[in-house]
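What follows is a single structure, and I will ask about it in a moment.
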């Protein structure tokens, strides 16, 4: 009988990896999640604490998947502190995903912070089809940079370039991810731009890409409750990020007056970024 | 936005077919399918999209005088077989913000759901909404998982009378009262609402329920206890609609686990003049309204009925 | 019959494993799975077969002082997704005949379910059963579809007190009170039963519900309204067990949609000391008891628990 | 998705055939029932009146099945009076069925009244495998005899004999079905005896068959409510007729002290035949 992805599944943590002082990647066995498409997310229950939407990260283990957390609120901190063997509840994967055009030869990935997660999973897929890939990793400083080696590993079979930018300039290009993007676009062009990270960054990425009239796909984030398109707490304009997204293309994004301007809080009030 | 308006207007003109149109409590609807309160309900943009998806009317999330953050996740748990457990905690932006959200409502048929802990809470809210382009109000007297709001009011016939009388005295718009399974006889509440001047009853709200994860031993909802909706509650909702429509003069809006046109027909046979959809949206999204309307239409044609009203309450003949 | 006795005795001696054995309200059971009242319950031969199928205890159909014919068919309707609707109408052969039926009960653990419309109905019945080989009684105060019997008693705390006190004063055997969703606060009834001296609570009975055939427009049950059982009621039953065990000192017997060992564990985490099976029998017959016991045993082993009691009410810690 | 036979199906009467003044056969389209095995039954709902267990009768129409009713109580009379186009609710087919031993060459069928229904359906199956078949039809008088031609038709492809016995002797052998059975057994023997009809008749058939040490299969009837083995109102000893039956073999029958002695009424009280 087919598994109903909406029913909570109990999984047990098999590995915990430190990415930075405040970022960890947690690996667990789950056949369904292991097949998740890049950009899809899981609703992750930290028993007794919170349930969080988390983009599915690559796992170098069969029938397994991973999630990457930055310690921030109560829920993410509880998740950050979980140890091997402890239990999590998961449902999903949910949402649509990054699309790869059959014609695509070279693509640009622009990510910031944990927004890199779906891009790494995308990179792994691009690697299979040998699509040339340039990845921009944006961080505030060297100690906040992560996934650089992971990205290099998942892209090992295809021509690729990994560019790191730090705002304080102590590593890689000085400036933020979008500055690096501008520089890169001066030298070369791409078939598609994929991005995920802080919404203001993505807005900038959209503007730059439009200036070069490059197609773009962005994975958005909004406050989520149900994850299955019934509560609309994740709505942006008339779209539901959990169901119509998380990935939207330039056509949709340019129509969204709310994109990069404001989000809705837990009550549903619009909060300006 | 202007483009959207054009689409809406175009849509509106396209509607010749009146087989499914109904008038309930003075509200003219193009079809009997409503969006149940609590689902998809706080953004005008989403309302417009629902309108284009052929919704008959939209009941907003329950709005309170002040904004409510609601409970921490998990607030929604999916259960086997088309049922959900939820304890969102009446999260809503508050009457002030929401009234501004729908201030420019073109002509989407919106019913504003209101919730409060005492009758005094309602007049200020009504003042904010009454001049807007809305059909009427639904008073949520049956939220099963928020202290002092909802069910605690709905379990007290005197409170119900007070609230409904107060609301009616502050608006000329239709007032629907939403009831559920509480700790008193549902019929006493329905009668109280009727006597106090309510114009319709929505039955039923979710049923107090719970689920526990067996690996951790921990209740899944952050509020532990929530409300059960979806297929599981349908036979109970059918019974409530049947008993209310048999014993109380008010028109009834059926709600609870309607997933198909067959379910819609069953509710109408039981006595529902209109129906509300919710859980089904988690399974087929915005398409549910159109599909159920199509099924209803075909059923009426097959049975040689000219209008939905012929169907309402037929089961009471037996 | 003698052969049967031998088989039974053999079986009884074979039981070394005590992991699943429990003591609830003074009743020693080899495992926590009971047959819920209303299922399979009036023939000694069937009881013996159930015993060989590893049932922990058998609750008989509800017995009244006089025989009851019950309603005309349909009395049972199968619904989608493992749920049933029934309105049998408390059909039973009456205390006199049934006491003779089980007069020669070898050592099958039988709990006699009693129903009545007033406290006076119970003493004569108890006199017929009290000297027989039975474990105790379950008082059905929550039949949702028979006028004046069951729920109408269960909705009145004073009646409950009277009935329980009367029964207790006529027997030294354990008395279990079966409650359901009525028109009063379930906890008030459970407290009344506790204060009156009941030894345990069974939660929950079926929930008043209905289904209508959409081709004919006719309610399917001959009684129109009946009780909903099976998977649909599980989340509601879990909540009731949780709330009762949290607020009332009595041990609780969980009942409502238990189909798997996972369900059984969930009920025990919620606070149930034992569980009752019913609807599941329609899906897998007499094998359900053994299978669920096996699952429970494996779960305890995996969690390193020595006895079921370690599991009961764990969810209350959170 | 597979159909759940427990869920009420609305069917519409396509043909009504008079068998005698008080017996009719009603035909309707229902794919599931058309595949019913001989001995299985349907729970038939006469909307607003009653639900009755009815053995599945053969239908000479694709994807169709039939039921045969004798006008008796409120329910059967309402069913008897149904017309073409009217609706019935059905669930099932339920129960086990008559088994045909691979070694069987010649078999004896002994039926009385509407008890003939499962035997006719069995005959149709015997006909397919060309098993020689002797059918005894017992009735009170000529005007109560039915299915004689139907039986002849369904057995057209195999060697068969149809013997009618009437108690008043105005047609066929004088006496009841068991008298006829005794006569037949004097001349020839059979691999199996199948029977369905009044329980006292079946008890007699069992006794006679045992005397000749012939294997026997009898389809029993008891008061039924659920039809799915949860209410036990159809119990005989520790067996449920709806689930363990309706068909029982000589081994089981001989262990049943209740067989042919008493049945249980709607309250569950034992009533002596």
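So that you can tell them apart, the chains are marked A, B, C and D in the order they are listed, and the count of residues begins at 1 in each.
Keep this in mind: a contact is a pair of C-beta atoms (placed from the backbone, for glycine too) under 8 Å apart; a residue touches a chain by one contact, two chains touch by 3 or more.
Because the structure is predicted, anything quoted here is derived from the model rather than measured.
Participant: Could you state the distance in Å from the CA-based centre of chain B to that of chain C?
Facilitator: From the centre of chain B to the centre of chain C is 36 Å.
Participant: Using mean CA coordinates as chain centres, what's the chain A-chain D distance in Å?
Facilitator: About 67 Å, centre to centre.
Participant: For chain A and chain C, let me know how many angstrom lie between their CA-based centres, rounded off.
Facilitator: 51
Participant: Residues of chain D that touch two or more other chains: which are they?
Facilitator: In chain D, the residues touching two or more other chains are 48.
Participant: Residues of chain C that contact two or more other chains, please.
Facilitator: 79-80, 214, 218, 318
Participant: Which word fits the touch map of the chains here: line, ring, star, complete or other?
Facilitator: Contact map by chain: line.
Participant: Return all touching chain pairs.
Facilitator: A-B, B-C, C-D
Participant: Would you pull the chain C residues touching chain D in the complex into a rising list?
Facilitator: Residues of chain C touching chain D: 38-43, 45-46, 48-49, 61, 67-70, 72-80, 84, 86, 88, 91-94, 97-98, 213-216, 218, 220, 222, 278-279, 281-282, 285.
Participant: In the complex of these two chains, what residues of chain D are touching chain C?
Facilitator: 4, 6-8, 10, 43, 45, 47-48, 50-52, 74-75, 87, 89, 91, 224-233, 235, 237-238, 240, 243, 264-269
Participant: What residues of chain C sit close enough to touch chain B in their complex?
Facilitator: 79-83, 85, 181, 183-186, 207-212, 214, 217-219, 224-225, 228, 231-233, 235-236, 238-239, 242-243, 262, 265-266, 269-270, 299, 314-315, 317-318
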